[in-house]
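Both complexes below contain chain A, partnered by chain B and then by chain C.
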Partner chain A sequence: MVGLQILIDGFAISSLYALGAIGFTLIFGVSGVLNLSHGSIMVAAAITAWLAAGDYGAGSLGGALAGVAASVVLSFATYLLVVRPIQSSRAIPGEEKEIFVLTGTLLWGIMLQEAMAYFFTNSPKTVRPLIAGVVNIMGVRTPANEIVTAVLSWVAIGLLWLLVNRTRAGKALLAASINPRGLTLLGFELANIHLLVWAIYGVLAGIAGVLLGSFLGVSSDNVGTLTASAFSIVVLGGLGSVSGSLLAAYVVGYLETMTAYLVSPSIRTVPVLLLLVLVIYLRPQGLLGRR
Partner chain B sequence: MKHAYLYSLFGAALGAALCLPATARAAEPIKIGVIAEAAALGGSAIPNAAKLAAEEINAAGGVNGRMIEIVEYDDHSSASDAVRAFQRAANQDKVHAVIASYISEVVLALEPWAGRLKLPLITPGAASDLITKRVHDDYNNLKYVFHGYLASTQISDAVCESGKDLLIGQMKAKTAVVVSEDAAWTIPLDEEYLKCLPKIGVKVLDHIRLSPDTTDFTPIFNKIEGIKPDVMVTGISHVGAQPTVQWQQQQVPIPMFGVSSQATTSTFWKDTNGAAEGVVFNMFSAPDVAVTPKTIPFARAYEKKYGVTPAYSGYTAYDDVYMFADAIKRGGSSEPDKLVDAMEKTDWVGTIGRIQFLGKDDQFTHGMKIGPGFITGLMVQWQSGKQVTVWPAEAASGQMKFPSFIKTVN
Partner chain C sequence: MRTARLLPVALVVLLVMALLPFGVGGYVLGLLTLAYYYGVFAMAWDLLFGFAGEVNFGPSFLVGLGAYAAALLNHYYSWPIWACLVAGSAAAVVGGVVLAVPALRLHGPYFGLVTLVAVLLLQNVIVLFAGVTGGEIGLDIPDVLSISDRVNYWYALGFMVISGAVLFGLARSPVGLILQASGQDAVEASALGFNVAKHKLAAFCISAFFSGLAGAMLIFYLGTASVGTVVDIGVGVQVIIAAVLGGRRTILGGAIGAIFLIVAGEMLRDLGQLSTFVVSAIALVVILFFPGGLLGSLLRTEGRQ
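Entry: the complex of A and B
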């Protein structure tokens, strides 16, 4: 019984991790940016959804859409206000730009986090689930919302796959991650591709944030953990590798769930961190990394 | 001539400068520092309620003609930030007394500083037994510290006392699992739960301590369900919304009963989208019960001003300002030692009951006296968006009822 429970819970949480991390890895793959405000953007999406659904009576669906919209806005803000000015700055030497982007997004994330704590307190908020109630799966009482979470995560990942592999814009995006210089030589405007990837990122992080808010609830205190978990997944899977991130999300999700059920919920994240240290030692490029 | 003119100007300026402090002293305000985390529910209620009390006192003419001024500090619930704020309050802002925090770890860090800087300190919300035990053990140094909330052991006892009627009488519960977050205040709380629950006839099947950064409570509820207790007796404060929401979403069929600090404020219903329905929690005053004639008017005034009902620490912070003001009025001075002497003689009817502080020979030195006629405690349940008092019978405004997924024995 515990086995099946782990299988179900692990799947839901892993799908959510995958969705959260995939946007993170996409941005790194295409533009070399590690966005450390990731957690703040996810939490902002959830809080917006909570606010819109509750205070403004937008309903579950309206709230969710508002949350995703907020995430897209913040994603663009992160790119246009923080990342791009650093990248195009002449005062910062080229080789130091990455570290400036890292610091810049980290500080931006902290600003967002503090603002959310100030206006909405750091008490956890929960987004009203799209479907309430429970479903009995062979004796395991599973909230319907948990199934919705897993399904929506995979729908979003599937749509991303279609976008990347079946559309012209998506193919350009893929090409940018392989050889940006080649792409510019073919006459593509790299800036547009970057805008596209930040838009996609905003949508993915927004959906992940809203789903997380309805599944477990979020607080501005979770920002650091969320960024760290996306970061661990991406490093574990191989920086910039989308399939690696998917695989790593499931490794992390199941390892955490197994630890929580079989050992103790209070050391849930410890084995993952140990695994991460091992991977960095033995296979620094990550599970499916190219570099 | 010119010089004479200058001299007279100088003299006038000097005279004015010498006179100023004298006139200023006549109306020198009583400064009360408030140290709490502005971003937390339990924390923000403290300065809000203190300001409300100060406004009321000032509107009525102040204390012996002196106005009360609240000086706020945000400690982000960090002990080191709180200590820095306390030092600043004492040395730079020259406050006369401090009301600080609802977090035991923070108050325990401030306690020695209250002694060193001889600055009276009261906490409206921290619960660890150690706060008063330290005053008891080192009275001469730490007599500046007062405990404006109940010690964890007293809270467990209040929950158990209500359990005779609610758990045994109404729910027919025979077994329980104690579920508490891992923090300083729950160590004595749990210890006492494990002693007092069996005494009222509830067998404790297991004792689970949650890590405060847990986000997924499914494995914990799963384990508890496997043990099949009739009730979960809780000790949760810093975590609150998340376990409550997951309890409801996963339809865990076991009622939650005990201490749930976040549940004491009206925003909890909104934060949990109503998942709080059926949660039974301890409070020492509630917005719908006239514990004293002051309780309801305070809750109304607070709600009118801030749009939410006060968290538990709001009631006590409000009383704390009044008690300091009363002590300064009776003692005629805001000097630390005189203020402490006067505070020890406090007999004040506040929003949570009649307040007297226990003496230096008592186990809980400078803690509040509990029992009939003083502070007794209530059990309150969330029902359809309202906090309904369900115990004691004479204060109750409704009966306990649970959502349909809960299986109670009767």
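Entry: the complex of A and C
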């Protein structure tokens, strides 16, 4: 039964990882930004959902929506207050913008983390699940919420795929990730596209955060781990490659679940780190990355 | 010219710092002692980032290697302090080379991630072998540098001044210029006949040496080696913030940034948990509006007059 258990739990975890990492990779692909406040935004979404559903009686669904809304607001704040001022600053030389964006978003993430710890303490919080109860899958008792998590993650990823491939705005987004200069020559305003990317990122990170909060629970102490795991997944899959991130999320999710069940939960992350080092040395562009 | 004009100012500041133990209490001295070790971490990091142009996300990997090598030798084999310090810095250099030789083929985010992963792995190893390393609780160190606050303070100050002088001199030397050139345009630097990889590796070793030595000295001051004080990602983040805040590519800025961070954090202690929030906010504002950092902005205004 352990085999099936690993299969089910691993799938749910991996779907969640995929959703969390996909927004991260999207922003890097389109605007070259590695957003190190990622973990804070996810946790903020979960805490907002927990607060709205609990203290304000908005119900599970209302809470989830509030969480996603908070994540979008924070995503825009990250872009407008931190990333864009650095990108448009004349005092920072072009080749150093990357490290300034990294440091800036890192500091911003720490600020969010500390603010959340101050107002809501760093004790773990569990968001009320959208659907309660337990389902029996071939002898493995699985919380219904785990299935909801996997399904919603894939619905969100599917909608993103439709948006990017089937709509005009989405195609512009794709074009911006391939050749931003070419896109501006065609008369598109790059600034609007960046705003669109950060909006999509906010929605994805928000959904991922709320689902994480209902599946595993979150605390402001998780911020660093969440950012690091998104960063690792994205590099493992290939920076900027969405399909690579999906693949990497499943590799990481299953590797962690297998280690936790078969070896010991305390070394859950070690095999992933070793694999990451190996892949970076042997294939720096990642599993499915472009050079 | 600018440096020459700042020299008297620097000497006066140093004199005040050296005489400080006669004027302030043990608590303040303890804080500054810690800040000076962080200053060395930040200066060593700046050599790698500001000059070689490589973002090392894991300064605490090098610091932690030095600290734990010294701690284990002192705890289990009762090596004298000086031998532990030598072994600690050697361990950091060896670890740095093992990490850097393959990693320097990578650039930008990839190099950064490898160094980040190195920290996470080291942390996991220490926690996994908790029976030997003391795990998250830490390993107690039988020997201490000194039991006097003042002597500890002077050790730290002297160490920071010497490290700062060596790193600063190195950065201003022809080697430093070559490093700077390799950091800004590796292709052109190698076209001019400089071995970019060799110089970057040398920079990494020097950075590792000072980080490891500072880490080893720090644990002999603290009397204990634990993940939270020398290995944790948070330590590395502090170092990076200190270096960028003080002014990148200035070396000495790292020390100023570290002192500022620790003193500011202490002055805001009344705010409780919010103090980290305020310090991060200040650092963010400095980065956004004065990207040259504290020392960088100072030097620029001096230059204009």
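Please note the rule applied: the second predicted complex is superposed on the first by the 291 of 291 C-alpha atoms of A that agree within 3 Å, B and C clash if a C-alpha of one lies under 4 Å from a C-alpha of the other, contacts with A are read in each partner's own complex, and residues count from 1 in each chain.
Keep in mind that, in the parts below, a contact is a pair of C-beta atoms (placed from the backbone, for glycine too) under 8 Å apart; a residue touches a chain by one contact, two chains touch by 3 or more.
The shown structure was predicted, so the numbers you read here are calculated from the model rather than taken from an experiment.
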item	value
Chain A as common anchor, with chain B and chain C clashing or fitting	fit
Partner chain in contact with A:Val210 - chain B first, chain C second, else both or neither	neither
Which of chain B and chain C A:Leu34 touches, first, second, both or neither	second
Contacts of A:Phe100 with chain B and chain C, given as first, second, both or neither	second
First, second, both or neither for A:Val251, with chain B first and chain C second	neither
Which of chain B and chain C A:Gly54 touches, first, second, both or neither	first
Partner chain in contact with A:Asn222 - chain B first, chain C second, else both or neither	first
Touched partner set for A:Ala117, first chain B, second chain C, both or neither	both
Which of chain B and chain C A:Phe231 touches, first, second, both or neither	second
First, second, both or neither for A:Pro129, with chain B first and chain C second	first
Distance in angstrom between the closest Cα atoms of chain C and chain B, superposition on A	5
On chain A, the residue positions that both chain B and chain C contact, one per complex	117-118, 266
Residues of chain A that touch chain B when the two form their complex	2, 5, 9, 13, 50, 53-55, 117-118, 121-129, 132, 134, 141, 143, 145, 216-217, 219-220, 222, 225, 257, 260-261, 265-266, 268
Parts of chain A lying in touch with chain C, wherever the complex brings them together	34, 82, 85-86, 89, 91-92, 95-96, 98-100, 102-104, 106-108, 110-111, 114-115, 117-118, 224, 228, 231-232, 235, 239, 266-267, 269-270, 273-274, 276-277, 280-281, 284
Complex interface listing, chain B residues touching chain A	37-41, 44, 182, 209-211, 213-220, 222, 240-242, 245-246, 249-251, 262, 267, 270-273, 275
Parts of chain C lying in touch with chain A, wherever the complex brings them together	49, 53, 55, 102-103, 105-106, 108-110, 112-114, 116-118, 120-121, 124, 127-128, 184, 233-234, 237, 240-241, 244, 248, 272-274, 276-277, 280-281, 283-284, 287-288, 290-292
